[in-house]
Each structure stands twice: as structure tokens, then as C-alpha cells.
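All remarks here apply to the structure that follows.
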Amino acid sequence: MPRALSQRLFAFAGVLVVAAILGFLVLPAVVVALAAFNGRAILSFPPETWSLRWFVKALAYEDFQAGFRNGLIVTGWASSIALLVGAGFAFALDRYRFPLRGAIEAVLLSPLVVPHFTVGLGFLIIAAQVGLARSFTTVVACHVVLVLPFVLRSVYVSLRNLDRRFELAAASLGASPGKVLLTVTLPLLAPGLVSGWLFAAILSFNEFTASLFVTAQRTQTLPVAMYNYVREYADPSMAALSVMYIVATATLLTFANAYLGLGKVLNVEHAR
Amino acid sequence: MIPAAAPRVDAQPFLRAFVSPAALCALGLIAALAAVLQYSLRAHIPGSLDAGAFTLANFTALLKPLYARVFLDTVWICFLTAFFSLLVGYPLAYALVRTSNVLVKSVILVTSVTPLFLGEVVRTYSWIIVLGNNGFVNTMLLKAGLIERPLQLMFTTFGVVVALVHVTLPVMVIMLAAALAHIDRDYERAAGTLGAGPVRAFLTVTLPLSTPGIIAGVTTAFAWTFSAFATPQLIGGGQVNMVSNLVYQLGFASFNFPFAASLSVAGLALTFAVLGLLRLAARPLERMGPH
Amino acid sequence: MPAERMAPAAANVVPLLGRQDIAVRLDGIVKRFGDVTALQEVQLPIRRGELMTLLGPSGCGKTTLLNLVAGFLSPDRGDIAIDGEVVTTVPPHRREIGMVFQSYALFPHMDVAANVGYGLRMRGLARAEIAARVAEALALVKLTGLGDRRPRQLSGGQQQRVALARALVIRPKVLLLDEPFSALDKSLRGSMQVEVKEIQKQLGVTTIFVTHDQSEALSLSDRIAVMSDGRIRQCGTPDEIYRRPADRFVASFVGDANVLHARLERFEGASAIVALGAARVAVPADALSGLAAGAPVDLFVRPEQLRIAEPGQAVATQGIVATHVYQGGHVDLYADVAEMAHGRLLIRLPGHDAIARWPVGARIAVTLGDAETVAFPRGADAAPLASGNGPAQT
């Protein structure tokens, strides 16, 4: 297919720019990987010797293990609660009229704008006053509030894309509202709910700033444990942990893209 | 806000069940923010976590040049980050939306979105390894003979902004891509038939129609960056301080929660002010977008 | 004007007439999308000032052909020439074409005047001249005074006029219309079609028009190219297409047609005599060349050319009335008849008394009178498409 020379140069330049930007995005991950496999504690590029010792050390480190466990507990509770609360409210927002709906929605979406350190500080102060200082409850409550906006948006978008006529058909065939919800609405919303939950879980697991304020030594999540480690030690154990993190996340997202269609969830698919 | 003709309760089944938990969470959040507000207005009792009597001393203390400086620095860093994220993110979002190759699309999408899910600490740590004196950039430049001594990239505003751009880019790309995806391709084709080459068609049609996405992206980028903590903390290392770092220092180093609270309140007010200004500035631009 | 017919052997080649001025020439165009061949060796010369319609069902390649002329696609083989100049590698913005999209594609961030003037701005004309020509274009489409409205404030019909004005103000060499009326209400469509035709004639701009609606094609076109499966089946005036379809596809796609099993009796010069019942009709001989006398053929008869037989008239076929459809000015009468290739026989009778005279269940005898019909060898070519006669048959 013959095309004008200027068009091809243009396209080529475009490809270069995009490749450069992707390179920028990927650079830290690549560099961290190089550091993680380095046989020695001192950084060098490329590494003089290759080794897996930092991976072993990272996996054996007690604080990391505790942080991982705590993270799973907090995340499991927080994202599940957030899913239930968020999905229910999104449903009500989409279909129902009730007082204060705008206000509640605004407040629930505010963590997108309110800094996490403010939210963390606030929860810390309340917890101290109520005597729940830095217990798991506080941490979970804080995380629920922080990930709720994402769940809300994700479920809301799915609801908007849902064809109401399926529900009307079910009702005309004799299904009560509860039955319609269980047998028609929920199954159709499932992809949106799953991706909402996934988002919430990943964000909660990785949440750092607010967690720094509301966790204590025994409840600290993995990001907080990692932060403390970086401040004290300089060896590449963190690099090894980061690599495991990156690989796990990228794999998860690739699957999510393949099965759930990340593009659709993030609303970046073509309108036509 | 009860509508004039309130629908019958049974026309909205499970209303209470769906709304109550959410209302509860909203109350929780309001309580947390109210706690911050309350503490900001009370005196600090050194050595104790409780607060004393009501006072405005925390806010007047903010007027000291030291703290004003931190606020200005924060705003400046946020703008730089938002600006560069936009500059770097737009081509990527455009490529993501316009390419017909499914593999390329997936690669761009996953690559752009993955950093978003890695968490602040992992991302910041990676940049420490890239920017440090023994880090990747310096090692490469020294080997290539382009420099004789390592460049000081850590503990500088430059380093912090670069890392923050990396953090904000995914969000920017997602918002821009969402806006671009909804621009009908026929507009560009029509511009083409009317004599506009690819560049002119982009500048006169696609770019204006993507302004709502640009505004949403910049607004979100600003808010996100303001909330950043680990990045300025670890890469700034005390030399570059944003409001978030100051709040942490005051809260956990000096246990001066009231002052930390007042900083938070001021920061929040600042954020809302800037976002409000952005919205106002954006109003005439928003009319350009597709209806 | 002598009929342009396709010799069955050389499909898709539309012979060039005399020394007509050719504005757009498509030469041997081949276009593939993956394994699918969208266009196979398409050859089409379009005369200056004529309104050429590309007509066919979805998937026939008509929109692909339009996009090729516009420059949004490149052909795998073949050339496109506008005003004698080969433009196959020229990008759209340098082809001097005007296009009206199915969705109109009016820029939402500009008002009507800015939309219409866009092409002139791209050409670097002076502001005053742009304003003058925009006003001229708006007057042409009868939208004077709406220059400062936004597209979303206009009705569908008004939006279409703006799209037309925008395409015409740049004085394009070719005007391309991509199913422009499909988004309009039926009532609006008719009047818009007439207006567009008038403007086109007034300006004398060469126009290529894509549609799947055959009645639209028949009413607007100077010539129609009927397409299916990436080929042009027949290219000719609306009258030629309707009364002398070149093959089964064209005969059944354009207008309604009854397909009856008949027999070739004999050849008589340029015609062939076909026997159906007691009736005899003359059909063009070309399509039946090579067949022996007595060979079975399919006879295509338009519904409006059938009549209920009066005593003494030669009866072509008989049957039982199945249903009536009252259409206001005429009645569509459906009958079950043995010789139909598929479906029911459709007779279009003027007036409204058909319902009373031949009620459901009545036995009727049908005559061909002096109908102009065509016939094709039995069972050849593609299966008949769309424009069903009565209840669909599998």
C-alpha cells in the first residue's frame, strides 16, 4: 500500500515517542529487577554476579511475612465490605430517589480528592478517643472508606451499561424484585462487581499513606513494613520484594484484561 | 431534598438496605474529618496525645514563612507533575485509543495501568535505585563517559517530580483515553475531507473535543499528587517537603497532632481552592467538548 | 440511450460510452480485509455532473467503494482517478472531495457557520470571503440565519443540511453521500431527497451516493450501480435497472418480483418467447442464450403488471387468494400459486375494491397481459434476496 513519505515519517516518529514513554514507565521495574538479582549488596549495572539470595531473604523476613498476613486480613475485609456497601449504594443511586443522595455520594467520593494522610490522621484521632487506637477495626474502617469510591464508580458504570429490559422481562414472567435481583441483575453485573472488588483489593493491599497513620507495629501492612525496612537497611531485599510485587500485579492485570476486558471497565473502549 | 411527589416505599425495594450502610460509611468519614477539624482548633499539650483548650494558635502558626514555603512548594510540585503527566500521557492515551492492533493496545494498557497498582512504596523504592548516586542513571552516564561525577538527582525537586510523574501517569492516561475513545472517528474523517491534514485535523478537532478529558485528568492528577507521601518522603529525604511530609513529622516525630491537623485543614482548603479555580477556568473550555 | 448490459461472461465491466466527460474513474479495484474480498475487480466510470448511486445490501462493498474514493482506504490493486488525475496514493485532505457522513459528523465544538466554513479555513481563504461563501451555502440549503447555532440545537433535517452545505461550500470535484437519509424520519426523507437532488442538479456537482434503499436509488439517480458480494451486477439508468435487470439478483433486489417457473418456447430475433400456462410473453434473449427450446426458465414479473384474468384472456396461472394488504392507493393481493419458485404470488391492484371482489379463499386466474418481463435460466446465480413476496420462505 503506497503512502506518502511524510505520512510514514510521521507515523514512525509517533511510534518512537510512544516507545520512549513506555520505556519510561517500565524503566524502574527493569532497574529494580536488575538490582534484585544482583549477587552483591552494592548496586551495579549490570550486576557482577547473579543470585537469588535477596529473594530468599525477603521471603524469610518476619516483618514482611507479618505485613503480608496483615495485609491479606485488612484487604479481605475491607474490599468485601466495600463491595457490599458500594454495590448497594450504586444500585440505589442508579434507580432510586431518596433524600440526601447527592450529599452522601459526594462524601463517599471525597477520598479521591481528600489526601490520604488527612483521612488517616482523622481515623487515628477518632480511634484514640474511642479507645480503638490502631486496632484492625480502625485499619479496616479506614480502608473501606478509601476504596469505596472506586467500587462505587465501577459498579455504577456497570449498572449504567446494563439493559434494564432484561429485568423487566423477568418481572413480567413473575419474578419478585428480590428474585429479579438474584437471578438476573447480579449475574449480569458480575463482571463489574468482580473488577470492582479486584480494584478495591489491590488498592487496599498497596495503600500506604493512611495505613502509616492508623497501623501499629503489630497491625502493620506490607507497604508500611517495606517503608520501615527502606529507612533502616540498604540491601536489595526490597528490590526482590518489589520484583515479586510487579510480576504478581502485572500477571493479575493481564488476566483481568483478557477475561474482564480492562478497557471496558476503565471506560477506554471506543464508543463506535 | 425530598422530592415533591415521593414515590411509594414499595416501588423502591430494599432502599434502606442499600443506602444505610453507605450512609454509615459517609458518617464515619465525616466524623474522621470533623475530628481533624476539631483538633486543629485545640491547643497542643506537649507529651500528650490529648488536646487542650480551643485556640486559633495552630492556624496563626501556619503563617510563618517556613510553613508558607512548604505550601508553595507543594502547589508548585503538584502543578509541575500535572503538567508533565499531561504532556507525556496524551501521546500514550492517543496511541492506546487509535491503534487497531490488539496486542499493542493490551501492551500499552497493561504497561500504563500496572504502576497504578504497585503501591507508593514499591514505585518510590524503584526510583531510588534509578536516581541514586550509585543508581542506574548515574552508572550509565558514568560508563558512557558523559559525566565525571555522579549527578545529584535524589533529594532534589527534579527527582521528586520525575517520580511523581511516573506515579500520576497511569491515572492521566486512563482519563485521557476514556475521553478520546468517546470522540467519534467521523469527526476526524470529516475534517480530512474538508482539507485538514492529520496534524491540523488533530489540532482543530480532536484536541478541542478532548478538553473535558484533559480537565478531568489534570484535576485528578493535582489531587493525587497533593496526597502523595512516600515519594516526597523517601526521594525528597527531608530536603524536599510537601504538606503531607510535614503533617507526618509533626504528628509522629513531635506528636503535635493539633498542629498536624491544622496543616491538614489548610492543605484541604488549598486543594479545594485550586480545584475550584481549575473548574472555573475550565467552564468555557468544557463547552467545546462533545455534548 | 442504448441500454448498458453486462455480458454474463465479463461481469463487473461497465463499458465506456462514447466520449462522455468522465469525472471519476475506478479501474480494476480490488480490496481485501483479511480473508474477505470486499471488492473484486470493480470498474466504474462516473460522468461529470451525474448522480451515481451505489445500491446493494449490507456487505456488498458499496461503503468500501465510497471510502476508497474518499481516500480513507487504499485499494490492494487498481487505481482511482478524479478529473483524469490518478489519486490512489493521495490522502483525503488533498483530494478535493466533499463528504456527507451517515452521522453528519458536525463538529460539536463549533457553531454552524464555523462548521460550514471549516474547509474554507483549511484552504486559507480570507475571512471576508469565507463569510460570504458560508452565507451563500447556508442560503442554498435554506438555513439562512442559523449560523450561530450549535449542531445539538438543530433538528435532524437541519443537521443534514448543514452537513451538505459544509461539503458543498468548498466546491468539491466529487460529492460523496454515505446513506445520508437513513437517520431521518420517513416523512422528512422524501422532501430532503428532492431538495438534495435539486441542489445537485443546480450545482452540477458529480455525486456518488450510497444506499441500500432501492426506492431511494430509483427516485434520485441518474445512474445506478447495483452491487452484491463485491461486484457490480449492473450499471444503468433507473429505468433500465427496473425494467431490464441483467440478472436474478438485480431483478429481485430492485423492486418486488414474482418468480414463476415457466418454459422457454422459442427464440424470435432479439427476444425469446416464454410460455406460462396459456400465456406467452416476449423477454430479452440475452439472458437465455444457449438454452434449448423447452428448457425450464424462471420468469420475473413485477406485481403491478399482473392482472386478474377477464374471460377470454390467456390464463398464465391460477391459485387461491391467501391474504390482502391494504396500502391506501392500492391493494397487495397474495395468492398461493403452484408455479411460484418460492413464497406467494403478489399482485398489486389499484383502488380498493380488490378486497371485496376477490376475498380470501377465492379462486383467481392471473394473466400477464402486455407485461414487460425478464427471464433467467432456472436455478442459476445467487438465491433471490430480500424484498420478500409475502411470508418469507426458508
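A, B and C label the chains in the order they appear, each numbered from 1.
Everything below uses one rule, namely that a contact is a pair of C-beta atoms (placed from the backbone, for glycine too) under 8 Å apart; a residue touches a chain by one contact, two chains touch by 3 or more.
Nothing here was measured: the structure is a model prediction, and the numbers come from that model.
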item	value
Which of A-B and B-C has more C-beta pairs touching across its chains	A-B
Taking each chain's C-alpha mean as its centre, the one farthest from subunit A	C
Rounded Å distance between subunit B and subunit C, as computed from the means of their C-alpha atoms	57
Centre-to-centre distance between subunit B and subunit A (centres being mean Cα positions), rounded to whole Å	16
Sequence positions of subunit A contacting 2 or more other chains	7
Touching two or more other chains - residue numbers and ranges from subunit C	91
Of all residues in subunit B, the ones touching two or more other chains	184, 198
Residues of subunit C that touch subunit B when the two form their complex	70-72, 91-95, 97-99, 101, 103, 105, 107-109, 118-119, 122-123, 152, 166-167, 170, 176
Residue numbers on subunit B that touch subunit A, as the complex places them	1-3, 6-7, 12-15, 17-19, 21-23, 25-26, 28-36, 38-39, 49, 88, 91-92, 95-97, 105-115, 117-123, 125-130, 132, 134-136, 139-140, 166, 169, 174, 177-178, 181-185, 198-199, 220, 223, 226-230, 234, 243-244, 247-248, 251, 257, 260-261, 264, 267-268, 271-272, 275
Subunit B residues within the subunit C interface of the complex	184, 186-187, 189-198, 200-201, 204-205, 208-209, 287-291
In the complex with subunit B, residue positions of subunit A that touch it	7, 10, 14, 17-18, 21-22, 24-29, 31-32, 34-35, 42-45, 84-86, 88-89, 91-92, 95-104, 107-108, 110-119, 121-126, 128-129, 141-142, 144-145, 148, 177-178, 181, 202-203, 205-209, 212-213, 223, 226-227, 230, 238-239, 241-242, 245-246, 249-250, 252-254, 257, 262-263, 266-272
